[in-house]
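Reading through the structure tokens given below for one structure.
Labels run A, B, C and D following the written order; every chain starts at residue 1.
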């Protein structure tokens, strides 16, 4: 019997990508699609790439619209998920693609988001040690941020194997869809094409505490994170360049062995052969993560680099993967490791 | 029982896109993958987005390698298909993604390609009047060129309904993958990003006689074609802006009615609602064709515009669609109308 | 003695490009810079590429702010120029970069802009026959639209030499800066990168009557124009592909001769050697116009293609060129034919 | 009297950018233009954006062609400059835009370039402490690499003020022109558009020892550098994100004060106001360097970010700036801080 899924916030980039994936998910039937300012509009006008749904009309996001589904995905602005989730009942699987339930530390939440902490839900990054167990059978899932997905997957093997000092330095480039569909001048095509620029420099980006939380849990000790996000002239993709000082004795071989072990059984994380490096184009539209790692003996650092599609594995694909686990489906159902390139 | 398919020329863009589609085709099992200069290399190095095939190694393109398959796709440079096809026997379905067997007129072939004409195979654009019948059960298919696909689908309804004078004017913008993967200076990223430029202006592009052939057959009279291709700063996609003088009496309504009729039962061609226009991003990675048409009363012209993915519907998707028909499968098997956007 | 110039509307793309050019104009001293919603802001925040003006602060657009200048450039939304110009007095050179004073026919204006016609000023496209005379000593200049600049320069030689039928078909691709700096969802980088799409199809674009006006004046008879603009994934540049049926007897030689004659003494229009085609990248940031022309004997059409920088020659560069003429300066002062490439 | 300048290697990106700058340099007259494989071709075909030089023809790079000039710029592949320079005589100013004479340590050269060390010339990064003195009157100049330019300018103030630990971590994104004009498959537009990818990871990039040399000299102690270059989908520009652990006691104020001091009198380096961050688009085509710096107290690191145009300040602009100093001209002659944006 099909899983009936509703999507609250179907007009944005996260909602659109989720629908793209759900349309080909063999166990899911797409139910209500809701929006706020776009309620009443045809999806064909809002998401013109989703031709099979072109004639669907967005409903307002109300408890009535979302009732009667097995799964409800929330692709809402930060701070709005808790109120909606409360109305959905404990038996409905609620998958929050926003930030509201990602952080364990209320003080972190309040410092970075400026509002009361709504709580913590099982964290939807199955590849992290111990994460799958918490997701199995769960009725609530907090989908990770796109940057924390890329960064945590690139670095956790080094910390799990105690190969790295607890001071991570991360510079990540993201496609513009990560900034959402709201029209802002600095996101205009005229501004972003041909340009690279940083933002949220110096520790202020909201994904920083999430990285600290993930890496610290794996390392078993507090990890500091210097995180610099940059905006790249492409619609999709995150390339995360992560490094940390190596803890002696480390060799190129021990580093590679740690990564091979960490990803040996992972269906979506692909440690590239030595000499080949990730490219965001290779994971375009897919749930795959390409990872490569190097040990720079002269600088004494481990450099781990990952490429993901920020909307797919970084948001909607990660959401579907965790939904699969929560529902007891094969984790890879409806997901692919095949990118669209060139 | 699965259809076993070989791909000759698996290292290029057409071959890569075909493999991307065949990987999710439920009736196809991927057999031999061959190349010439790249024989012996891992596909993971050549097509890093096709992770499930990363460890496959290209064989040389020989009769032995291609033997034992139900279908052989040829993604070879122009002029090489005939020799390979001859060795394959009459019971193997041979799908030529090159130009060799598209043109009916030997003189046209020789004038535009400068070599002896190899022959004419059933033409793989199922949406053209009469095309499906010739493809059903056929063991040979000539896949159309990417521009002729976009242009013929945009204009044939106007000619089928005798609404347009037989002088078509076409300006099309193509993503750079249409020019292939061979490294040429004018195709460098540094050259194409931020730039639009025409090429093959004045009637010299090799796809021109193919358009003339298609439109003339539908019109029932010779049609001249002024075709200007331009290179656009994007990896994929063709936007074809096509127009012709309207034949009185024509109205906006009669034009729209002709297009609605032509595409009413087509699974892949989507006539957009009035007021919405095609965008190549909306068909990225999909087999869909977005079409819109307008009647400019002041200029007395019908303007029909189509958007396709040049590698998908324009090459590999069209090849799979025609293969499906030839094999008696549902025409849409393994294909999608869902684009990857933004 | 320096010419003192004010810029009303200094925060947008046209205003920014004008300032970029005026900063290196040897005869101009930059005076007041005004804005509306951005008044009070540092130019460094609004136009971060104009470092020498970073500490200038925008004033509100008032008669007082604009008083005391020799030249006032208006880079205002359509419909606002007349009111400002009236307050400036007859001795001030007013250069309107908006549309308000371009059209001669009041009915055209009203049909396309939906407001009362403000009048007609000397038209700032010096290369058109007779245009320079009207600009010399003038105190009012209407800067042409970006598309009409590209199209008129590509086609007028054919019409001046009576080589073409009076039915022009034009498809032009523009960079996104042509759509301005106001944040609209369809202009987001996520939407435009990787995509080509048309707009204003079927005769509705406001630049259409301007092209009809220019070409008809040269042809000496009414010329219809089928104009399809498309949005290209690049910040700047227009590539205009223009064609018309050839009037017998026409030869490739007679066409080329007409173009050579038309541009022989033009400092900014460069007819490329045969075999070379325009590229928008080649005129990036420059006032140059690259033109090439072909005669397609099979289709019986002349195809003329031009590339300009829409913000430079298409707007601000054209404005400076006409200002130079009006003030009696050398026409090329402060302008360049050197593009920034790659 | 004009300075007569020859350019050896005028067909590549560095040579083209140099010519773009020299064309508007008021003290320079462009003399011989030479090439190797492109000798005999019109510059208009090779550098179509340089219209004033379109009819110049490249000569072979011979001592005869280069004789009789005051300045000879070498834009040659690595390893070829020494042989040419030897033939030019001690009174000719030779400006090498290649790597041959940048490194002081012969062992470094041999380890990274695999050939015998040719020597060390005065280093053309005038903003480094002490650099101007070595350039004044010099007849030999080694132009820095593009990445070392961006990185050294971003970080040297922190090291000069002893605010940072001697372990720098650098991730830089470069436009594709940094990889040159030779056609290689991974540099095709189809490959780079929409993609970010790293290369030379783990200490192998040839610019690494140059950064170590520069930062170590300023710090007065050995500095290790972890350098990861990434290829970004844009033609030009480098964004260098550089960080190092802060040396207590450090405050945001002391960091900013050090940067303000370092750049107070620099004509080309612009420390942005607090809250504004560099963007490569803002320095497109200009010799400006935009720098911003932050202190991340939680991570204990100083993050300094610079944006340059890799072809301008990063190569040809830097060459002209150093030439000006060597010749006793005003350092800013012929150079600009005005970018071409959007």
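As a convention for this text, a contact is a pair of C-beta atoms (placed from the backbone, for glycine too) under 8 Å apart; a residue touches a chain by one contact, two chains touch by 3 or more.
Remember, predicted model here, so these are calculated numbers, not experimental data.
Interface repeat of A-B: among B-D, B-C or C-D, the matching pair is C-D, sharing over half of the residue-numbered contact pairs. Chain centres were defined as the mean of their Cα atoms; on that basis the chain farthest from chain D turns out to be B. For chain pairs A-C and C-D, the one joined by more C-beta pairs in contact is C-D. Chain A and chain C have CA centres that are 45 Å apart.
The geometric centre of chain C is 35 Å away from that of chain D, both derived from CA atoms.
With touch defined as above, residues shared between interfaces to two or more other chains in chain C number as follows: 13, 175, 177, 181, 188, 190-191, 193-194, 233-236, 279, 281-282, 284, 342.
Interface residues of chain B, counted against chain A in their complex, comprise 13, 16, 20, 23-24, 42, 44-45, 47-52, 54, 177, 181, 193-194, 235-236, 270, 272-273, 276, 279, 281-286, 288, 290, 336-342. By the touch criterion stated above, chain D contacts chain A in their complex at residues 167, 169, 171, 173, 175, 188, 190-191, 193-199, 201-203, 224-226, 228, 230, 232-237, 239, 241, 243, 245, 277-282, 284, 292, 294-301, 303, 305, 307, 342.
Residues of chain B that touch chain D in their complex: 13, 175-177, 179, 181-185, 187-194, 233-235.
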